[in-house]
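Both of the next two complexes hold subunit A, though its partner changes from subunit B to subunit C.
Here is the complex of A and B:
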């Protein structure tokens, strides 16, 4: 079975199980919308000039926490009926299993990002329509970084004690470069500045490093 | 996988170098202490500037610990020899110790010169992130069960952690992290009479670092040997 077919099979299975249960996507969505409401009450009334620079950080912290919530469940279903052992024993390159899983997590996160950004736009009175394309690009670049290294460590955390406790502690320090670059780029866009080159290059660099390392390291995760 | 826990070069050398590295560390620390006491007092900062002789060498030792953890992680994944895992574990623990010292001495110095305990300066932010990163590494080890699995998971985290150290540096500069740290070291312009105590500080701290690293590795080797003996006696 070649790599591409493995990727498609894993992606299809992930999307189908998510479509049937909708557990993760609903939990992630409700969580990130709750965050919008919490930020509204936690923050003082912001003058309209300060909203764009503040919202970018709030948006990305909501994405990060929602992503970790979803990633925590990414491999839980595989523990039932020894499905993870089945995956480990399959005669194929495990990197492609990783890519299938990571792509499914990426699609979920992009969906949550779009809905949460809409909620932020309504809640904080921002007009994001003219920024749709550049914002979508930054969201996608950030999501690649979060879901690549996130999927790798979700596979690790699921085979430890206290996985729900461990995953955020493992991921948050690792994802700091992504958070800083994505927040900087989003802030510039919301302030009406052109797409900033340095944070975008930083995101591309971090995504590449995380994807390559995760693809290689996943080979060692499923061994017993 | 290497089943023996005593024949690997790391285990042999860690056991052999423990005492010489202790003697070297004691000697260098004594000379270092004298040179710090006799070093000139900085005209602008006063006595508090002498924190430099502890703070910066500790930062070098912390980085060295984390890089050794990453390199040993790569070696463990490649060779699957448990000695690399023991060295990686020891280096992370000793690295955390020195990173904690950096985070303790830094605010003491900052209070004396900047007037406040903490600032989100790029280097401070990177150091505190590093501290969290390797605390998570130790937590991952304690939450994982089964020796080869723990070693593999920790090795992966150690390997991914190294590029993050570099990425964080760029990222925090990008976010406009205020650079309050002096650039003296980069420009090679330490005041007259301050170069020698600084150099001795680096050598003494590195000697202490390696002594702790060798001792901690030896403890892990003995623990692994005891476990192996215990398992063998159970099986007979």
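Here is the complex of A and C:
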């Protein structure tokens, strides 16, 4: 069976259901923009030398918790009418279902990252236009890590009683290398320094490991 | 002689300390319809989950024509159509979109054409482009049946498919299942409805507390016989 076709079908289904319900993207967006508004008023006199460090931390905090909000809901729709059982019965390598879902979560997170970064730029008077490409690269690398392992753990957590609590508990310790590397790289870029090599290598390595392991493990996650 | 479509031997399944199935043996020939009857908690749905490969047994063997569902998982799943009292449908997608998505999951060459065929068969062409969330229970169940048949499976597992259906929808589904049986597909029907079970199945087993306490087939398989056996086996225990 053609795994790529399944990936595209799952991605299409995810984007279509999200487009019609908009329940994930609205929750993620409201949360992220709220972070910008709160910190804009909480730090009105922030010295310009401290803006890059502060904003890089705030950006990744907003991304992380917005992602957890979205991930928590990404499998909730599968519980309605027990659609998850229908998915589990499909005669294919379930890793392709994982990739379709993870890619949908990645696209949503990238969308939220772009809007939130724009809001931060406006709120903290930052000119990010010249940094667009390297920043987009770091955001994408961070988003791959968060959504790959996040999609796997969202599938595990969805059938538990304390789903909303369990997902961050499982996810946050594993995401530490991604968050440290992404925040470090973002801060360096905002300070006008060149893209640092170590955090980028760390991000690429963590992304690769998380993607491969999640692809393999997803086969067993959908079983009772 | 053809091998049985489903062969289950000494099957056991426990949920923690609670035994759900205890030494179940079952043989279903290809093209046969078997009804699995019993009270709540008897282990009927557990048996169906084991047959579908969604749950692993603690002991015993089960074979759905291609080997054990848990060992040869993908091939076994390709031979099985699962229809439950839950529809497995996405409410915000239309009936046609749901079927096309299911067709893609089963790797059909032309899922759109197959979806249209099944919608016509279920007399749902008029509702093909409506979101499933607006469907009545009967209409949603007809789409669910189409979903279960999307890959034309030789074995159909049905978990209380009549739940929540009105009289006319029940009659329609019953007639449909008889046609599927007559077309040579193997059916495992889990139900509480003894009359419908007698109408559809040509073999029945009565499960009580994880064990088969009665089997019948052929002339013996009537509603009155099932009711009598059900009363004898179930009511003294309840």
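As a working rule, the second predicted complex is superposed on the first by the 219 of 224 C-alpha atoms of A that agree within 3 Å, B and C clash if a C-alpha of one lies under 4 Å from a C-alpha of the other, contacts with A are read in each partner's own complex, and residues count from 1 in each chain.
Convention: a contact is a pair of C-beta atoms (placed from the backbone, for glycine too) under 8 Å apart; a residue touches a chain by one contact, two chains touch by 3 or more.
For clarity, every value in this text was computed on a predicted model and none was experimentally measured.
In the superposition on chain A, A:160 makes contact with subunit B only, not with subunit C. Of the two partner chains placed by the overlay, neither subunit B nor subunit C lies in contact with A:33. By the document's definition of touching, both partners, subunit B and subunit C, reach A:223. In the superposition on chain A, contact of A:64 is made with neither subunit B nor subunit C. By the document's definition of touching, of the two partners only subunit C reaches A:13; subunit B does not. Comparing subunit B with subunit C, the partner in contact with more residues of subunit A is B. In the superposed pair of complexes, A:213 makes contact with subunit B only, with no contact to subunit C. When both complexes are overlaid on chain A, the residue A:83 reaches subunit C alone and has no touch with subunit B.
Shared-chain residue A:176: touches subunit B; no touch with subunit C.
Once the two complexes are overlaid on chain A, the subunit A residues touched by subunit B in the first and by subunit C in the second are 223-224. The part of subunit A that touches subunit C in the complex is made up of residues 1-2, 5-6, 8-9, 12-13, 16-17, 20-21, 77, 80-83, 85-93, 223-224. Interface of subunit A with subunit B (complex): residues 149, 152-153, 156, 159-162, 165-166, 169-170, 172-174, 176-177, 180-181, 183-184, 198-199, 202, 205-206, 209-210, 213-214, 217, 220-221, 223-224. Taken together, the subunit B residues at the contact with subunit A in this complex read 77, 129, 132-133, 135-136, 139-140, 143-145, 148-149, 152-153, 155-157, 159-161, 163-164, 167-168, 170-172, 174-175.
Within the complex formed with subunit A, the residues of subunit C that make contact are 49, 52, 54-56, 73-78, 80, 82, 84, 86-93, 97, 101-102, 104-107, 131, 147.
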